[in-house]
Amino acid sequence: MNSFGDKFRFTSFGESHGRAIGGVLDGVPAGLSIDIDMIHDELDQRAGRIAAIGHATSTRAQHEQDEIEWLSGVMDGKTLGTPIAFIIRNTDARPQDYEWLRTHFRPGHADWVYEKKYGIRDWRGGGRASARETISRVVVGCIAKQLLLAKGIRIHAQVTQIGMETDSTKWETLLEEVRRAGDSIGGIVTCTISGVPVGVGEPIFDKLQSHLAYAMMTINGCKGFDYGCGFSELDQRGSEQYTHCTAESCPASGGIDGGISNGQDIVFRCAFKPTATIGQLYKGRHDVCIALRAAAVVEAMAALVLINETL
Amino acid sequence: MNSFGDKFRFTSFGESHGRAIGGVLDGVPAGLSIDIDMIHDELDQRAGRIAAIGHATSTRAQHEQDEIEWLSGVMDGKTLGTPIAFIIRNTDARPQDYEWLRTHFRPGHADWVYEKKYGIRDWRGGGRASARETISRVVVGCIAKQLLLAKGIRIHAQVTQIGMETDSTKWETLLEEVRRAGDSIGGIVTCTISGVPVGVGEPIFDKLQSHLAYAMMTINGCKGFDYGCGFSELDQRGSEQYTHCTAESCPASGGIDGGISNGQDIVFRCAFKPTATIGQLYKGRHDVCIALRAAAVVEAMAALVLINETL
Amino acid sequence: MNSFGDKFRFTSFGESHGRAIGGVLDGVPAGLSIDIDMIHDELDQRAGRIAAIGHATSTRAQHEQDEIEWLSGVMDGKTLGTPIAFIIRNTDARPQDYEWLRTHFRPGHADWVYEKKYGIRDWRGGGRASARETISRVVVGCIAKQLLLAKGIRIHAQVTQIGMETDSTKWETLLEEVRRAGDSIGGIVTCTISGVPVGVGEPIFDKLQSHLAYAMMTINGCKGFDYGCGFSELDQRGSEQYTHCTAESCPASGGIDGGISNGQDIVFRCAFKPTATIGQLYKGRHDVCIALRAAAVVEAMAALVLINETL
Amino acid sequence: MNSFGDKFRFTSFGESHGRAIGGVLDGVPAGLSIDIDMIHDELDQRAGRIAAIGHATSTRAQHEQDEIEWLSGVMDGKTLGTPIAFIIRNTDARPQDYEWLRTHFRPGHADWVYEKKYGIRDWRGGGRASARETISRVVVGCIAKQLLLAKGIRIHAQVTQIGMETDSTKWETLLEEVRRAGDSIGGIVTCTISGVPVGVGEPIFDKLQSHLAYAMMTINGCKGFDYGCGFSELDQRGSEQYTHCTAESCPASGGIDGGISNGQDIVFRCAFKPTATIGQLYKGRHDVCIALRAAAVVEAMAALVLINETL
């Protein structure tokens, strides 16, 4: 289904080359001022983060200066407590670029499974499976972040690894090389959530890390999630990880113990695969490294999890 | 909350040193024969898997020859379509072993956050946060696996790495060494699900990998989840991963594309931390490597996800 | 919240005098042809049913020749299996008519409780609480009815009582009299669902009648729900109601036994109050008898219940 | 399914002639003292209410001095914030009394639809569909009422009509007459909820009356629900109902406007059918008027609704 969250519920709709994409956000408290400019900045930033590393790495950034039309839930700049609906019209309709997708299934993409599952699909530019859908997530993530900020909770996600390279000063050269080779490369996004009070999350089946993992694994191209010691500290024994820990503070915990936030920063990582559509095989626009674009979505989804757990 | 699944819904209850642990399983179709012996075998196996590697590695195995009392939902060996409730009484009540936990919070455990969140906790042996709760998961996981088997779906999880060691012939020595040092060690459980038809899972927010990740992150000590190329193939470019792929078959996909099963085996991994309670610091029973015990729980939770997605 | 249904989930949004009202319909199977004309006919009919009884009874009918813009989920006239979003723009913005509502709370309306609950409200024409929201319900109800029809399930709702009058030939005179007196009057809508197979609904907490009652009580002005013998056969003893019944057929059952459809027609009634805004007190448009307009909404909500229970 | 409520979630299990009935109550806040005696009093009262009117009216009352075993969620008399599980063993196993039900379907009962839906049923004494299941509801309803009382919310349900008779002084004679005739009779239970603050309930689809109607229609034998003017004031015009109303106070509203409590007493009614199993046709125990026994269940279900809406 296309909804996320029980209390602060986001419903997403739209195909990338249909009339519009958009969303409905239900459960937003009444009487809040929403900073629309911050949302537009975030959408610009989303393009900007990629551009900062190397505009050559993507040929997609420029077309997404999208206009949001707010349909409901806000009056005189304040939330009404009723659903906030918004749409973003699809203006970049160049279906001829995608004509070949009508009969072709790209490996590592959802084309084939959609066709098998539904017997029909909007083949134009990925349709519903297009990354364009994540713009709506960034929009509602911004609203969530504004609410979280008022509670002192801040979320920041950034790329920390491209391929095996963790030194960010070498990324531009690396990406340029990959781009020239008509290839693609994976990466890791690390997200830090600070200001979460002790006690967020539930034991057993509503563990905070379960909701975070669920949310991250909804992002296109995300193939892994870990937090605290995760996959990266298996070379350490318990004695190394816990000896200097106290009940209140233990880096290996990643900010969560037994499913419940412990008041420390929550730190988790998401692994992104290389773009499956690579230039060696396919013409048309594609990202060399989707992790770059994904950071904003990681932040948005983390915000949706946290606001649902703290409202 | 303490329920898992929408259609095949498992509700878990019980503290490790209260009267009983148990569960209620709702949504089981009517008229099925449940093989109770298989469930008992599974519980034995759960202890057995550990013992096979080295009985010395755990001092906990022997006490869990637990008797299940079936309270409802089954008549003359067949399911009624009504909730199946079962309890397992707690007979190993040695609260004096845990008296120190009344006032002490163990790092890396849920003791402190429970106290902060609830202002009260059952301190005896971890109470609700004890691994004993997972016995109920194994019980219902068995029922789920029986139903899945009838659909041709098989689930197998096993430890594939202890610390950094992937060669299983060296594990016994390694674990013995860790045990003697009064230490603990992490590990990886790899799970393979075969026989899943194309089309299981949903795009956007109910992706199959999202449900799997959610489920795995509910397991005590699980700090990471990945599938397909995950965290381990970041050294590969897109050209290496996708050139020889077809839409139907691509190992990097891990059996899922765009949130939907593609008919290939689904392969995912779970990273488990070293036991936080280490012998250097604490007396009492503990596992040297919780990944060993966790494999059965990984299987159970994977079964709960799959049966919910395929009923 | 603003969503209805788990499988066939309708999310409603929009204030009556904001930019637009609309909805998102999730869970619609793929590959279906949707008959858009039938939806427009239904919206016309909605006005028509009232007009047939007496155009003088309402001054609201004419302004609702609303245009639906379909945003997603449909391609070349077929459903994609993705969310169907639609909007209906609000063009009848005469806020000056409602200026007095800015500071005035109408008895029997939601004005006051909205103000108390949210501290803010869209006072223009009732805002979110306006009956205009039900247009979206009728739209999705039509889609649901098309799917149900393919399963042989038909739903028909009609007014069967106005005030205490059950003879429909006397309604026009009665309504005219009420209108002239600047008054309003209540009524009963009776709904019959035929073609439901045996076995729809669940025992205990997901009884079919529970879902129907829930749905009907979401309709503005609905103050009562009953089915089968309901409130109206309390003068009969069990011997009168059951003697001639068989397990398969019993009128007192109203088509549902123990929460589960029994294959007979399901017959239920909804009681609607007189419009609270009466002409004696308030200027402006209002319905003399909201039951007339409600019949289409009863049908729509019944369709949403049935499609959720039978998909 | 067998769960009720999202926040304060009750899961019910058990067949009337299986090993036990019981429930799991999830979402109970931690640190509360539960008055177990009050629960036992309530169960006694449940029998008592009937007895007060005439012990001859039921032959079922005496066997339900049931013992509750509390399995989890409570330590030293205080709630832990973990699931509270309890069981009540079935000791009154006289399956020979019910042998005839193995092959016989009673009209107006769930026997036939269960058989059709599931292909199997526990025919002993109604099995899952037996009114015995409602004992668990009364137990958790008591816990809910204790929590509500601390918020100043009181719930009281009582029979206000038997057949067409509203004068309670005539009920004993009436019931005795019905009993002698081997017949059964319907009735109305009226429930008053006082102390609900303004603002409980949501507009559109989570209206307070929707949740109340849903809950009442889960009670065996309940065929109708109304509140405020409901079905009984159709003889009144709007001018009669609203002229003397203010926004804050309007008896026709029944305590709820637009789905949201308005601070007045909430008053609703439930119509109960005559027992379908009548003595003229069947031997064995049955109630002459199930409304008598139902009042306690109405209270319990109302408490579950209110606690879910106010936690």
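Think of it as A, B, C and D in the order they're written, each chain with its own count starting at 1.
By definition in this document, contacts are C-beta pairs under 8 Å (C-beta built on N, C-alpha and C of every residue); 3 or more make two chains touch, one makes a residue touch a chain.
Every value quoted in this text rests on a predicted model; they were computed, and no experiment measured them.
Using mean Cα coordinates as chain centres, the one most removed from subunit D is A. Two copies of one chain, subunit C and subunit D, touch each other, and the residues they use overlap strongly: the shared fraction of interface numbers exceeds half.
Distance from the subunit C centre to the subunit D centre is 27 Å, each centre being the mean of its Cα atoms. Per-chain Cα centroids separate subunit B from subunit D by 39 Å. Of all residues in subunit C, those touching 2 or more other chains are 1-3, 12, 82, 117, 128, 203, listed in ascending order. In the complex of the two chains, the subunit C residues touching subunit D come out as 1-4, 12, 105-114, 116-117, 128-129, 133, 161, 163-164, 178, 181-188, 198-199, 202-207, 209-218, 220, 223-239, 241-243, 245-248, 250, 252-254, 257-262, 271, 273-276, 278, 280-281. Contacts from subunit B toward subunit D in the complex involve residues 1-3, 9, 11-15, 18-22, 24, 26-27, 30-31, 69-73, 75, 78-85, 87, 117-122, 127-128.
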